[in-house]
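Quick one: the structure is below, questions incoming.
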Amino acid sequence: MSLLADLLSTVFERRYRRETPEMVEGDRSLTEITTALVGSMGEVSGLMLAQEILTRFAELGDSEKYEFFHYIASSMNIDPEAVRTALEEYERKPSKVSYHAFVVAAEPARQELIRRLNSVPNATKYLVKMRADLLRLGGKYSELQALDLDFRHLFTSWFNHGFLVLRPISWESPAHILEKIIAYEAVHAIDSWDDLRRRLEPTDRRCFAFFHPSMPDEPLIFVEVALTKGIPRSVQALLAEDRNTISADEANTAVFYSISNCQAGLAGISFGNSLIKQVTADLSAELSGLDIFVTLSPIPSLTKWLKQVGLTWNTDEPDNMKALAAHYLLNAKSRSGLPFDPVARFHLGNGATVHAVHADADLSEKGRSQSGGTMASYLYDLPQTIQNHENFANTREVVASSEVRTLAKPITLFVAKKTHD
Amino acid sequence: MSLLADLLSTVFERRYRRETPEMVEGDRSLTEITTALVGSMGEVSGLMLAQEILTRFAELGDSEKYEFFHYIASSMNIDPEAVRTALEEYERKPSKVSYHAFVVAAEPARQELIRRLNSVPNATKYLVKMRADLLRLGGKYSELQALDLDFRHLFTSWFNHGFLVLRPISWESPAHILEKIIAYEAVHAIDSWDDLRRRLEPTDRRCFAFFHPSMPDEPLIFVEVALTKGIPRSVQALLAEDRNTISADEANTAVFYSISNCQAGLAGISFGNSLIKQVTADLSAELSGLDIFVTLSPIPSLTKWLKQVGLTWNTDEPDNMKALAAHYLLNAKSRSGLPFDPVARFHLGNGATVHAVHADADLSEKGRSQSGGTMASYLYDLPQTIQNHENFANTREVVASSEVRTLAKPITLFVAKKTHD
Amino acid sequence: MSLLADLLSTVFERRYRRETPEMVEGDRSLTEITTALVGSMGEVSGLMLAQEILTRFAELGDSEKYEFFHYIASSMNIDPEAVRTALEEYERKPSKVSYHAFVVAAEPARQELIRRLNSVPNATKYLVKMRADLLRLGGKYSELQALDLDFRHLFTSWFNHGFLVLRPISWESPAHILEKIIAYEAVHAIDSWDDLRRRLEPTDRRCFAFFHPSMPDEPLIFVEVALTKGIPRSVQALLAEDRNTISADEANTAVFYSISNCQAGLAGISFGNSLIKQVTADLSAELSGLDIFVTLSPIPSLTKWLKQVGLTWNTDEPDNMKALAAHYLLNAKSRSGLPFDPVARFHLGNGATVHAVHADADLSEKGRSQSGGTMASYLYDLPQTIQNHENFANTREVVASSEVRTLAKPITLFVAKKTHD
Amino acid sequence: MSLLADLLSTVFERRYRRETPEMVEGDRSLTEITTALVGSMGEVSGLMLAQEILTRFAELGDSEKYEFFHYIASSMNIDPEAVRTALEEYERKPSKVSYHAFVVAAEPARQELIRRLNSVPNATKYLVKMRADLLRLGGKYSELQALDLDFRHLFTSWFNHGFLVLRPISWESPAHILEKIIAYEAVHAIDSWDDLRRRLEPTDRRCFAFFHPSMPDEPLIFVEVALTKGIPRSVQALLAEDRNTISADEANTAVFYSISNCQAGLAGISFGNSLIKQVTADLSAELSGLDIFVTLSPIPSLTKWLKQVGLTWNTDEPDNMKALAAHYLLNAKSRSGLPFDPVARFHLGNGATVHAVHADADLSEKGRSQSGGTMASYLYDLPQTIQNHENFANTREVVASSEVRTLAKPITLFVAKKTHD
């Protein structure tokens, strides 16, 4: 990775960055510089202004950041009158000129501002952080929400899947990347460098992350994979310190047991589906013995839903827990008709199927509290996912293995009966 | 470079590319698939549709390409009525929802189409070629010109300067990159691999190119540099096979003697200014002996203008040729008030100054014909360029060395007198 | 490759190399410096002396080089009396001290000289060239032959197979490596860069070379490979400009059609066997469709031998040519009992078998002259080569396909009869 | 680094390693295979034998390892009678043949054995470990000491300075390299990954290591450097968690505060001098503000020597401690006439000078015990080191700054007086 970083951090950057603080802009306010940047005629002075804005913004406190956002949201918005005029002119006489005038009018100046900020080397990372601030500070203000839509619009273009790079993460990866893996792991916390090594170094473990070429030191999302014989029934067994390591050749199953998004500023721009499918494709090419690609996933809203519908559970009865979980995954829906469970929604939306449920599978405090310790396995049968995905998108039907369907039956019957009664 | 290529060509690509041709889309027409892609709910089937569109398009003849462009230009345009409705709703009640609805309405679906096409690995290169086709085929059709604005809008975002990577090109560069340098050299043609080696291998020669991470095998623009003692007076001397090579440490001058754009599909997206300035910064950091950064540039419209204004010239009188060229660079303007000469326009717009003119400096047929063999040197004094650039943008005043101003004087006086008479 | 070069050319080198010429050694003769280097107590002054010796040597004419070799061959030889004394002391009282004294006495000082010369970065390349000079100049002088044994002894250690790196050579390889491929191709000359591209770029062509980490810009040996359906019968067909390219997946055969050693200074240090076997292993891992690994080889001494034994041939009778070639490969022996043909000796020694003979297979002037246009294919069946190799080493029996044995029969009978008569 | 590793671990290796365990050699003893390897005629079967020996050896217990060493030390020794015969033949008739026969006879077969073991990819690392075992097990046995001389002879050739690669170690280096830095740090222990980061990540810290291309995952030696304003007076201040970081540009001094050898199996093959000088050259090229290159070194034998000569010390009197240390460094000699202190011996031998002594400079238990908390700074003035080195080699005179000489005076006078009395 450091090589890619190397490629991408040009000498230009190193030199200009250093000189920036002494720039003549010291006596202009941030909003003045920002306005100047949007109006800037010059590429080079534009670079300097952009650099100064990014540098100054990073040092602001929250209330000043809010003011900055408010300023660009309100002063660099579209002008409806101008849009209307340009639109009418275009309708009257469609041409390159009239279309261009409309495009310019219909796009708020703040989009051009964000693009110009991004012309400085390394800016993308700062803009992603800026949007994280915006999401944190702007939640309730509708004018900031509109600004966020502009950020998101540009990020969708910049973080296009065609631009992403999948890289394996291993114990041979640079330490400054690995410490981010420790920090960003959101599912099963990594306690220490020794813990990290146990997840990366053994021959039956893999990890992959997506990177963007313009921020090569920042993983966007990563997935941890265990290579196993058969589908494991609990995360404790998977992560046990004294477990027996197998060679990658012996494995027939790849288990995606943790997927973590890394950048708060990229919220709403989804990478998970691509990641799982690229990793599945890579692993099946590398290890011909693998024929099952499956997750070991939390069921984060199970107990919440059980309470809502008034079903009780007892974690000491594993068979009953599995039946409840199976029923929930097959039948619990949100108002929109999609699965109630967010993780289920994600995997089914990707074209995966509900393959198995496990009791006593996540005995951490979080696991017990949110799902009574149950977990689910979603199966990624790559050639089948497209069909599944389209079916699901059209019909919202949950496809599950017969095992899961059989497990769910008693509860489903019971609920049906109860409802009927 | 092959390493960057390596990083960026994921296994995913290699696998999916191969399978594409056998896809089930065989019985759907290109426009049907294109429509399906814009409407596609699914990321994965979207990838396959996108791949198929790119593959099929590349094999079309010109008339079919024209039809394809016409189809997306007309059927995926904005709907003015929908824009107006959304705009009014937003004016009535500005909110995240109403702003989003406006944004969606104001952007033609073909922009989303191009973005989705770009989600396939390696797609960017194909889209750049697609726009080259569009520019070639669409010149006269206003609806295609509007489509080109959409391409250009997205390319401006994707080819943001912050995303570009400056790489030295040397005799140790990969042959498949070098053959593109041979092919794309637009100023002083490279005849053979031996000729190329003479431009790259000597210790007093450099070459740099901009690349984009998503098309690492395709230079976007490159500049050839000679390191010299003093400013050379002709391109013949610079490129002579039997010239004496000096060591880079001995040089006090870096001469940019050829700048070539490589991608017809990136027309209108300008990289030259950034390139020259980054290379200047890099070279001055690497070689502390360099204190002059200067071009040796053609004066492509000199004879054309001389004819227009009725001045005669005689290439056997070098002093007179220099005077004419100096006068032209200082005084010849287009209707917009900018310099008549496109090369002068470019360098003065970047903040360079007219530093010297040379007679008998380009004795090639092209050089004789367009400028009677004269050439110009523009000076890049980096700290001064920002001020120059802003002055020029505001006042359009041509800054030149006193030498050039003195050279121009007799002609200027003569012309003034003649005009007066 | 440039990256490896990069890694290995430390800043140290770049700096010290430049300062070398101005060193204070200017007034000492080359032999004085050489003597000083062997006696040098200091690592750093040693580096400077070594650098100076290498630099000065490279600029010498042949007669001075001869003198230099003569000097170190004679003045830095073993001292038999000292060896004998140390040996007796060791026999009397074997100990670390006495063994060390013997080792020092038994090794000529010139070996230590060569090792010290090699302590300068990049020295290895210069030492390889130095030995090439030695072989060229020293052929007839026994004292220089002994010196060559010392070079060879050290080179065998330095160019140990465990230190070599196999690298694919492709059209994406650096131009300065590719021009060496053009220069070193010894079997079927490469005429131009276009010719080179035809051997590297098509999907059904491969090339691999061995490199040593301390001279990463210099291939040691390379092999060109064609991927084909079935074994090709002539080199003309293989290299035809208008041939049909196939995809690598379609091929069932890998044909090694040219193997070239690159470094005259590494004569006698054999890399070919390792190269073929590593490439065979790599290709069979990459392309599962390959099941035949075979050469298309010249038969360089066929006509020479036919003349010696008084057999006549007619190139217009292909069947007869094949029979003669088959008979020759199976039966023609040198005095040592090994195959008369050097290429056959090489491949059979590696454990390959004679698989096929082809008439009209190399219609170049060289091909016609040395073998009447015939060529041979040797088969590398990797698991079988060890057994074959050991058999051959013990029994010198030539293993051939039944087809080749059948082809040879008429001639063998004829010769036997003639001999008997 | 992983890239270099990548380059050097060929597919060949990966494939052959896996197959090794099932080889037919299962029924031959280790000594039988070892004998077979030395006699092996075949390159390929040789590779397999070599791999098997390395694999089996690594799994042996100490007594079996001892037996293995004993076997090759005794059974593959030189045969004095054969040496004598060959020597006499060579004396009688010097020729390539007779010289070759002598060379073969004078070199014990175990050297050829070690070379053949090294022909397997990755073997070098195993051989370095093998020698570490030999040094550990063989200390007292003279026949094993002779064997060690053979290892060392070959390692000196293989680990020639011209083959080494200097690499910066940073927080961006691969974790598997960094964990070795933690493990090998021999001077000031690194307690944790956080501690390591404090030594690598700040802008005023550097670390460099030598690597060998054939064992790219194993640093051979590394040095830790602090960039400071002025020479620091204690290691506590240098490593304080709450110290103020400066930018590299502000520093005028580079302090080498820890140098650690990493490979027990490379004992006696010295890299430290080269390392310090290459790092000095690199840093002075990178940071023009640096003009002092100095160590902060322990004085490991100070208290030991003070006791020997009957001087007493009191760590509460820093001035007295500095005087004692200065006197010791200038005057304390071993029987050979070299400095008594091993660290002083090393740096003075490299051409450095004694620049300063510091009291209360290493307050760790080890520091207090071995030197009463004092430390020394040795100055590396690169252009001066060659002269210093040669002087020291000839005269053993200790060059010190006037400050140190002045400091030493009172003690020196006192000692002289006492001795005189």
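Letters A, B, C and D name the chains as they come in the text, with residue numbers starting at 1 for each one.
Quick note on the criterion: contacts are C-beta pairs under 8 Å (C-beta built on N, C-alpha and C of every residue); 3 or more make two chains touch, one makes a residue touch a chain.
What you see is a predicted model; the values in this text were computed from it and never measured.
Chemist: Any chains in contact with both chain C and chain D?
Modeler: Common neighbours, chain C/chain D: none found.
Chemist: Work out which chains are contact partners of both chain A and chain D.
Modeler: In this structure, no chain contacts chain D and also chain A.
Chemist: Greatest Cα-centroid separation from chain A: which chain?
Modeler: Of all chains, C has its centre farthest from that of chain A.
Chemist: Chain B to chain D: how many Å between their CA centres?
Modeler: Between these chains, centre-to-centre, one finds 54 Å.
Chemist: Whole-Å distance, chain B centre to chain C centre, using C-alpha means?
Modeler: Averaging C-alpha atoms per chain gives centres 48 Å apart.
Chemist: Could you grab the centroid distance between chain A and chain B? Build each centroid from C-alpha atoms only and quote it in angstrom.
Modeler: It comes to 36 Å between the two C-alpha centres.
Chemist: Check each residue of chain D and list the ones that touch at least two other chains.
Modeler: Chain D, residues with two or more chain partners: 3.
Chemist: Which chains touch which?
Modeler: A-B, A-D, B-C, C-D
Chemist: Which stretch or stretches of chain C touch chain B in the complex?
Modeler: Touch list, chain C to chain B: 1-3, 5, 171-176, 178, 193, 197, 201.
Chemist: In the complex, go through chain A and note every residue touching chain B.
Modeler: Going by the criterion above, the answer is residues 3-4, 7-8, 10-12, 15-16, 41-45, 47-48, 78, 80, 83-84, 87, 90-91, 94-96, 99-100, 102-103, 106-107, 115, 118-124, 142-143, 145-146, 148-149, 153-154, 156-158, 160-163, 165-167, 213-214, 273-274, 277-278, 281-282, 285, 350-351, 385-386, 389-390, 393.
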